[in-house]
């Protein structure tokens, strides 16, 4: 039964995170720790996007954009009114959730590719606006923001903690009626409505949740890198997130994590080979979407299922 | 995937371990952060790389420094602050470099110097003109290129000589562009309050600037100034020309960013470049030290391109670091920084000292020679252009040519 | 007051009057058939009743309460549930979760929903496939499942659009049996079908539509012998 | 005089938008999916034109159709290799139609951009002009010969396309499929062929506009992204699949951006489109020129 399936995926993702939590014992070099922190940032985005795309069937093209919005929300607060990043963090969540809700409310009344189209335009244009509002946002230069902690290790475990929290939250959410409604909407909006599910409300809710998660991720990342720039919102970043989810396994709890760590780690490796990472990944995504639609996690599952038989 | 992780980090740990046990014969590692892929200017990145490679080979052929060879470690900053930050951090923590240089875009510099400061590693700015890089006043940061305030001063001199009443500046919406525009505004307030000056910021990603240009057609100014980098700079130039705004019988076009230095300049602009006035830092008619001519020749041999100011700035950046190591007799950061601040430095562009006074001049090589010249033919090489100001050449606008219409 | 009362409902697409002033009532506990040749506006009428298309004019009362301005989910919660002609199930959810979803959305709590779903799985002989993704079920099983979704909370009225089309005979029997049983218990049905024998067998009363309006509304036998109806079906050759 | 300038320049830009957007609209009309690699079709056109003309020294006038051809080939291949599953029982998949289309086309766009970036290089290159008049005055306005020709060609192409769709045999078939794929296939129309033609066409159109603008907007790997964004906005404004609608929307947007840039704000001119889009979605979800269709 689905709930069992979720439970399995949930336990596995916790195991995966536990493994990640052990890495610092082996690796002390701040750069490599940084690499893993960034991949955890992407894991957050991927999880948020998967809730929307994988479980609700709504394809937003703006996860990176909302990360950027979150980062700027807290960044601008501290830059202009030197508000502590600890207030900036919740502020970031609220701002990105609010924008998400308004955008969602407008677009979610429509079915089909409207969301993808509108969010993509929104993302590109938000980036331009932030890039052009030089006097307020310092444009492409970005904002230098104070960090949340001094020690990289603390960041590391904060990210691990947040990921655990998010995964647990998602797991519990999927067990409530919301989980049923979202998946129902993904499979057939008309049927869902005709069986009493308030489609617009739940779609908007899912969109708001995922933008809030992106916002949180962005603010955390801003605090970690101590630099907030429009670069965070590049479409290519969203592309990376989508690659991670599709390769890892869309519509599963563990897929996005798997994808985030694998894709980002190998993208570090590929960068040495000369920046071919996006070529490889986008190609992989096409292959997966075309032939292995359940991604690596799906393949793994099939492998396990064969064993006993 | 577990195993893949383990391997990866085992590898990382090994690298770290190895580089800790460094002994005398090991090469001295110097970090070069440049743009090797877009959106930044790959053209400039490549020039910097070519130049520092030449210097490295030169120094190593003469036996290196402190009996150790020089090794250059490259990172690609894509001209993006975020990537620059990461690149610098990787150079310092993974590459274990003793100093970082190479950066050629102000917004990137500003992100990178934060890292250099955090890890207390000497950082030599190769081509970031923005005053803000100096205004931060970080002791680790030294500046080889010219700075916007200084550019503004000589540009405004020229504006006066041209009898300008009204000037419009198109600047890119970056720290460099807006910094330059503001600096010129300041200089005008100070030296030439008579000139009516305003600037318009243009989006670096922009493709069609006609809406910004059309209003000028209605009432053309005396001078249109440019503080933009390619590729948008080329598009603006072409559209200025297409709309008949500048260069025209009424209006001068005056570039303050050294555009004509770019190898791809003439590939992208044709008539639009003719009659343009250029503020620049290099002109073959300058008399440069032998060191410069040697490097220049090697550069031409290797790349079939003429040398330009960026080549010399990059060479100076690396030479400066190497001299500092010689002076300090060690690669210890504090020792190097101390040496740098006190040094009298023999570079390719002359002999410099390091300015101490806080402000836009802080830890700046002074004084950088500069020139103003006019391009009088399409496809003209810098050597053939009309020099109207430079070292030993007092500013004179008499010889300037104007288009018929 | 009748369970469902439709009065003067109109809907046109461009020039075509798909539903052209339809009125009839359905009493509590009635099992009523809706027939008519293709394009006579049956499905459009159903879409209006279930809120998927707003009527241009006219009104629909469910339990005396107007529902023609409500959204589909509100109408469903108000107690009017429908099956679609082309089966609509949640393909990537287990049969059981399909039922749960409907149950929760119609206001049952978790425990109730589970209990009810178990019961329906039994009744509809879906026990073997309850944990399979609905997409993997046979066409007939999917129909049964969709049917079940309408009965998680017994509706005031169930609209069934061609429930017997392309269904395996045995399942057809299961379905028909289910309908009879619930009708006996006082459940109200409106069944759209081409399958005359079934209509005759199940429905005491039948409404026949043609070209967007009701041309006959009486006891099923009478309707089937009504020359107007025959003409509508046979396109007029036999007329007069 | 300024306003005349703005109006005409706006219309010209709008025309270029239209050339892009129409292709996208065609695809949406017939497959009900959005091709997120559309900007890269454009990019392929730009590069084919620039490289063929610069490196191989082919005459620009010859390079123009070649660019369109290249676009057409990419379009056709995309349909063959990636879109076929959409109309061969996608419902049995783990993924549904929209998801699949979005993911695949978006990945394709990433792939093409980065391939070109690696293979041809990131340097921006300027295509040779079709005619060597770098500046001419046409009544009140000034423009380059290139811009004039580009405008003419764009206008001609759009008219030709409209005629093709309305009157030609395949044009009619395409309309049929767009209105009702199932019905059309029952009526014996080769829907797969129709889809392929549409993709080929829209590839050719994008490629052509890329080539026409190559001398005005320098070629670089990401050159397609912005025109694409504009066409997305336009397609929604135009009412998802209405060709006339998208043309009207294109011209409107072009003019509006021109005036907005001067009278409202230059920096934020690109946001006007989005703002209008939001307003339209609020009051008229089916787009400015679209018609409400049946859901069930």
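Note that the chains are named A, B, C and D in the order they appear, and that numbering of residues resets to 1 at the start of each chain.
Just so it is clear, contacts are C-beta pairs under 8 Å (C-beta built on N, C-alpha and C of every residue); 3 or more make two chains touch, one makes a residue touch a chain.
Here the structure is a predicted model, which means the values were calculated and not measured.
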How many links in the shortest chain of touching chains run from chain B to chain C? 2
Between B-D and A-D, flag the pair that has more C-beta pairs in contact. A-D
Name the chain whose C-alpha centroid is farthest from the C-alpha centroid of chain B. C
Let me have the rounded angstrom distance from the C-alpha centre of chain B over to the C-alpha centre of chain D, please. 38
Measure off the straight-line distance from the CA centroid of chain A to the CA centroid of chain D, and report it in whole Å. 30
Roughly how far is chain A from chain C, centre to centre by C-alpha average, rounded to an integer in Å? 42
By the touch rule stated above, which residues of chain A touch at least two different other chains? 128, 132, 186-187, 190, 251, 275
Chain D touches at least 2 other chains through residues 94, 226, 267, 295-296
Which chain B residues touch at least two other chains? 37, 173, 201, 203, 205
Complex contact set, residues of chain A against chain B: 19, 23, 26-32, 34, 128, 131-132, 134, 138-142, 144, 225-227, 229, 231-232, 258, 261-262, 265, 269, 271, 275
Note: in the complex, chain C contacts chain A through residues 50, 52, 71-73, 76-77, 81-82, 84, 88-94, 96-98, 100-102, 104-107, 110, 131, 146, 149-150
Residues on chain A engaged by chain D in the complex (per definition of touch): 53, 57, 59, 61, 106-107, 109-114, 116-118, 120-122, 124-125, 128-129, 132-133, 186-187, 190, 235-236, 239, 242-243, 246, 250-251, 274-276, 278-279, 281-283, 285-286, 289-290, 293-294, 298
If we count contacts the way the header does, which residues on chain D are in touch with chain A in the complex? 28, 32-34, 36, 82, 85, 93-96, 98-104, 106-108, 110-111, 113-115, 118, 225-226, 229, 232-233, 235-236, 240, 267-268, 270-271, 273-274, 277-278, 281-282, 285, 295-296
Of chain B, residues touching chain A in the complex: 1-2, 4-6, 8-10, 12-13, 15-16, 36-37, 76, 80-83, 85-86, 89-90, 93-94, 106-107, 110-111, 114, 173-175, 178, 201, 203-205
